[in-house]
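What follows is subunit A paired twice: with subunit B in the first complex and subunit C in the second.
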Partner chain A sequence: MNRKTTSLIGAAVLALALAACGGTGSSGSAGSTPAAGAFNKDATIQIGSLYEPQNLDNTAGGGQGVTEAFNGNVYEGLFKLTDDGKVENLLAKDYKVSADGLTYTLTLRDGVKFHSGKPLTSADVKYSIEKVTAPDSQSARKSSFDMIKKIETPDDQTVVVTLSSKSISFVYNLSYIWIINDQAKSLTTSEDGTGPYTLGTWKRGSTLSLERFAGYWGTPPTNKEVVFHYFTDATALNNALLTNAVDVVTSEQSPDALAQFDGNSNYKVNNGHSTTKLLLAFNDRKAPFDKPLVRKAVTSAIDNKKLLNSIWGDYGTLIGSMVPPTDPWYEDLTKVNPYDPALAKKELTDAGYANGFSFTLDTPNYDPHPTAATFIKSELAKVGITVNINIITADQWYTKVYKNHDFAATMQEHVNDRDVVWYGDPTFYWGYDNPQVTDWVKQAEQSDTTDEQTALLKTVNEQIAADAASDWLYLYPQIVVASSSLSGYPLNGLNSQFYAYGIKKTA
Partner chain B sequence: MSAQARTARRRSLPLTAGCVLVGLVVAVAVVSLFWVPFTPDDTSGDRLMPPGLPHLLGTDKLGRDLLTQLMIGARIALAAGAGSVVLGGVIGLAAGLAAGFATRWLDDVVSALLDILIAFPTLLLAMLVAATQTASLTSAIVAIGLAMSAIVARLTRVLVKRVLAQDYITASRTSGTSWPRVIAEHVLPNIWPTLTVNLALQFGLAVLAEASLSYLGLGAPPPNASWGRMLAEAQASVFIAPVGVIAPGVLIVLLVVGVNLVADGLRDVADPTRRRRRR
Partner chain C sequence: MTAYLLRRTAFLVVSLLLAAAVLFLLLRLLPGDPANSLLSVGATPDQIAAARHQIGTDRPLAAQFVSWIGQMATFDLGTSFVSTLPVGPEIASRLAVTVPLTLLSFALAVVVALPVGFVAAHKADTWYGTLLSGVSQLGIAVPVFWVGMLLITVFSLSLRVLPAGGFPQDDWADPAQALTSLVLPVVTIALVMAASLIRYVRSATLDVLGSDYLRTSRALGSSFARAMWRHGLRNAIVPVISILGIELATTFLGAVVVESVFALPGLGGMLVKGLAQHDYPVIQGILFVSTLVVLVIGFVADLAQRLIDPRLRHSLARDAR
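On to the complex of A and B.
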């Protein structure tokens, strides 16, 4: 599996591009039932993960690993998202929106200190937002803040942000911005945040430790230290859990290893919600995939249910479109392009490809992509379409597919929630260009109410499904396996966040 | 060949055993060209079925027949071994001969180059080759062959130098024999037995190297069934479907052990001192 792999910069940028652009944070201790009795408040929690940070700066290609380790633990935003996607105040005590929806006045919480000891001021907030929107920022969040016109800091506790157009997701989007000390240096190797932990040591290729921050403004963590252990191989990671080298695995990537933990009272297997979708993404700009009918035919020719079962056994969900059930605008669209090879053949004939065609599928070299590509090749052969599987690295994917749009079709995991809006951007790598959808996405962002926004994005979702803009193969499961001595760990880990401050360990 | 040597070949147990093992794999590969139980991309089976009927060895995650995959994998393993040995052998022999005949300073340069190439990890070389094109069976063979050629070249060089120091070469040259004829009549026949043993050993190493490269995703791309990739794909499910890991693993071992036994047997045949000791 194992998204082991590859060339770092590209992977980092890619992970950032995709990981940073959506998502809810699970609100801390969604974890399992609290262990009866007392917990050791000075415990060290050993966390096993496959995602080591590329560096420690999420605007410089830190990747999903730094999100997992640092989000909410070391750095905090003005807002945070709860498990059910609601926005809560974090470093912002309060905020007001002007009647025209264009001016946000944010008041900061008192008594917040950075790890370096400096008190949090509005200047830090301005600096942090501008760090994300800066020209050299690699944060894909960047475009969500295009409408910021100016940021003012009338006093130390107040930030006034003026927008050029309304943005109903503005507060939600702010929850992705880490508030960083504006004097901090070398952020790729050190940190200066306000979170409940400070960075201990980072041994590249091995571990990253976080230590409880004595000067934390909020509730102190229920453990003293957290150590992330990084693995490149899922089997090795599971073995580490079996031998108690780690207490919890943030995200299992194969259902078959779970047999070792299921039914063993020393471990708990938790099945949470994920927002990670596996896409067969067509290049909608180029023939033959510029024709919706061809894309629909391909979608109907692939038995997604069998594919999901092959890769995930009894776990995972079919979605039929880009929106996972945890997004407010979800609806079940699995019937829009049902698995039906006869229908697929008919659609191919109608589209002028009665004799099929052949195309190259650019497939990232880490699981599950090669396995899924093999399955797709086999399925499409049945309707006369020849697939040439071209295995590429994450780095090549970023350059060839994401940047240069030089592909016919590709596969990719999209980890974010609320990322259906990408279909409103015709310049995005898949090149889906439906002016109506673009307009709906824009209108949704400028909605006055969430109901209005939800209704519009539902329409978007229905339209991209009807056009088979991509083939949404399935939604991943999110499986966290932990020692039964642990409680209070996040279950959903959406966007690969992993709040550690509520984890309790007995003994 | 003397009668004595012929007796030795007949009596070489390792050679016989090795030939049987390699022959089995070759037979499977040949059969797979004409017949396999299921088509390679037939995903009609269930996920990870245990051995039974109609899937004698069960199925993989995608419901493909494991036996079919293994049979096709035999082709890839043999192709990798043979391809690398041919490539490595030809380049290595040529370079080794050149170095053997070269003037002192050129010999030193070539030797230094060979030492560097030998110290270069095969896997890293394979990654470099795969980076210039895309990872495929050919790129794996090229990488393994290049790595192998250095070893073959160094051996050839030493052997050639030893032969060239013999008095009969001087005699032959003095009597007016041209260098190409000296190579054909004296050098090659004398170095050939040792070289053959080495190439046989290299064949086994090449099979292992291809399996490693495929395991890392640098070999034949899917859906080609390489044993190494089958191992990698089945790794996560080893506890619930062990056949998927055991079967390709056992086949790799059988082929490599077979090839090594053949090499061992060839050495017995080629080396009279060893032969006497065995008796």
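On to the complex of A and C.
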């Protein structure tokens, strides 16, 4: 038996070695785009990620990880946000809006079944929306649905939602609501959705697998199984990709490692669009940052380009505001507060801080914040501002900064798209309080047309940039690195989504 | 000996209960809010309050303590605040990685360290005795993650003979596959552990080599081997065993760095995450289980020492009287 095992291992090692040789040998000729159709439709796609779900319910603190694994894969919304940021019908066949913009009549797609076998009805939709708006909901989108007055279900295929005020983003926001079987139990550890995959097994700290759902109403996935492998160490994740233990990395967070894949024809490095912004957020309530001039001075004193380059090399974008290029109201505002230490000095003098000042920067203890904080400290020292870096945990950040507003300035990544609207909320942690901006944000949401909304939010964006409400250091890159045997994976991963159903692996 | 066993077992049980109570209180004295890990940027004050209610930390401390003790009495370690999964089964699943990892590393380290340490002491005057001693000194200085990364670079990335990390999804369903994924982590831990063990074995052996009883035994006509076997080793092994016990206990939870480098779903990683999130049931569960393990290891080490060293037995017998 021993000998047999040994020879089996030997064979396996040999096969591995051969496969490795094969890989290298063919690398010169095999293009980066495999011929369409020549894929294994029963393939298992191994996905490497740093974001393990905290639990499986996005209304109970599941976090970024569960969005990545489940959005569009296991659960579907009435509408879908495509990888390039468009909103399309999904479980909703179509919808009508009343003339006053307050009543949405949604018709559901026929023949949709949950994984448990139960057909989708309007009651499930009502349940799912109410799960997000419930008092105990931890959904990040909860407040976007504050204007829902009532939800009615006149028949199994029709849902009528009445709003108390107009909401131009209502349909877009609905794309974040998972439609869940209203009879489902223990959703933090299991699922019952309508998506193309069912949950296989979730081995905490290690893997989560999704299996193709035979009863799916739409186009079946181009692979049989998807396994998410979770890592806590970015180097370990890259090693897994280098040794073919995973086929694709959802979001590369180790800039130094990219050199191993760039220019290697076995891999493809995809530079997509991200919505994650790194902010130096001031406490706009408290001196000295209650003065726009001081905030502008700090913004102009920091060379964001150099910072971005030192962290991400040639990747990433400077945006000069809260709005990433994928949002409809994007415009390049990097010129509003340009990098100009002389200007910064002048602004400081004008604001009455000719001799500078000192402040404490509350810095989350994970990358890239400590590195960026050190850079900011050295930049500000040049204009006479002393920065005391205070490293805190994510937990402390929520208590000290987010809840108690007990800070002078902090750093944080803001991951969602369309989140410029937070500047319209004076109670938000950064305390930016401009009644006009608050009003514009409110009006924008009540617009009749998207053009009107876009115009208003552009004005908002321009105003917060002019006031240097925060310093938007840079927009993260969204880098998906994949084996060249893979195609059809999402490139942008807006809001950390990662649709897996179109991924093809060559046979 | 029976009296000693009884006394030692009672001590074990009392320590465990005390540890459980201290754990519970200390965790809650630490600053931090477990509800924070459920929040996202944009959470309203209502949602923050709801998060506390969801995990039950808005209840009085005494009530939380009573319900925890109640669970413990039924061998239930509770459910995680964050994942809502029961803690017990998850610890069991992590132990399926951590226990083999610890024991295999430990065994390998001992197998290497005992002869090497002995030779390093016995041949301390020769060039290779000095070399062995020097290498072990170096081994202590080298960080464990660096050893791991080095081994990965050589055996996974260059030679491609062993996986760079991960553990089979179905655990030990395929033992060969599971073992394969443990080879590099085991060697990593064993190398570093062996380095410090060698130092201990070496110094214990040096003590024995210079002892009067060994010289006397030799003077009475025993060969070196016989004198060493009858008197030397038995004396040298006593301090080494207590060190072994400590090393084993340390590795049990201290393997977290290696787990992270090799992406292994072990107990250390679970604890670190639990601590970061202030996930009390998870932390309590792991620390309770590991306290139990550490106490048992200490118990066994004590027992082993007494079996080997008659002096300890006799001093104890005198105490009992």
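Just so we're on the same page, the second predicted complex is superposed on the first by the 468 of 507 C-alpha atoms of A that agree within 3 Å, B and C clash if a C-alpha of one lies under 4 Å from a C-alpha of the other, contacts with A are read in each partner's own complex, and residues count from 1 in each chain.
Here is the rule we use: a residue touches a chain if its C-beta (ideal position, glycine included) is under 8 Å from a C-beta of that chain, and two chains touch if they have at least 3 such contacts.
What you see is a predicted model; the values in this text were computed from it and never measured.
Judged by the touch definition given at the top, the superposed model places A:S496 against neither subunit B nor subunit C. Of the two partner chains placed by the overlay, neither subunit B nor subunit C lies in contact with A:N337. By the document's definition of touching, neither partner reaches A:T133: not subunit B, not subunit C.
By the document's definition of touching, neither partner reaches A:T326: not subunit B, not subunit C. Legend: residue contacts after superposition of the two complexes on their common chain; A:S378 is shown touching subunit B, with no touch to subunit C. Of the two partner chains placed by superposition, only subunit B is touched by A:S254; subunit C is not.
In the superposed model, A:I389 lies in contact with subunit B only, and not with subunit C. When the shared chain is aligned, subunit B and subunit C each come close enough to touch A:T235.
For subunit A, the partner that touches more of its residues is C, with subunit B and subunit C as the two candidates. By the touch criterion defined above, A:I311 lies against subunit B but remains apart from subunit C after alignment on the C-alpha atoms of chain A.
The contact surfaces that subunit B and subunit C form on subunit A in the two complexes overlap at residues 235.
Interface of subunit C with subunit A (complex): residues 31-33, 36-48, 50-51, 53-54, 82-85, 90, 93-94, 149, 152, 156-157, 160-161, 163-167, 169, 176, 180, 260-263, 265-266, 269-270, 273, 276-278. Of all the residues in subunit B, the ones that touch subunit A in their complex are 41-43, 47-48, 61-63, 134-135, 217, 221-223, 233, 235-241.
In the complex of the two chains, the subunit A residues touching subunit B come out as 1, 234-235, 253-254, 256-257, 259-260, 306, 309-311, 313, 365-366, 370-371, 373-375, 377-379, 381, 389-392. Across the complex, subunit C is touched by residues 5, 8-9, 13, 16-17, 20, 54-55, 60-61, 63, 135-138, 140, 142-143, 186, 188-189, 201, 203-207, 209, 227, 229, 231-233, 235-237, 239-240, 242-243, 245, 393-396, 398-399, 402-403, 412, 414-416, 419, 422 of subunit A.
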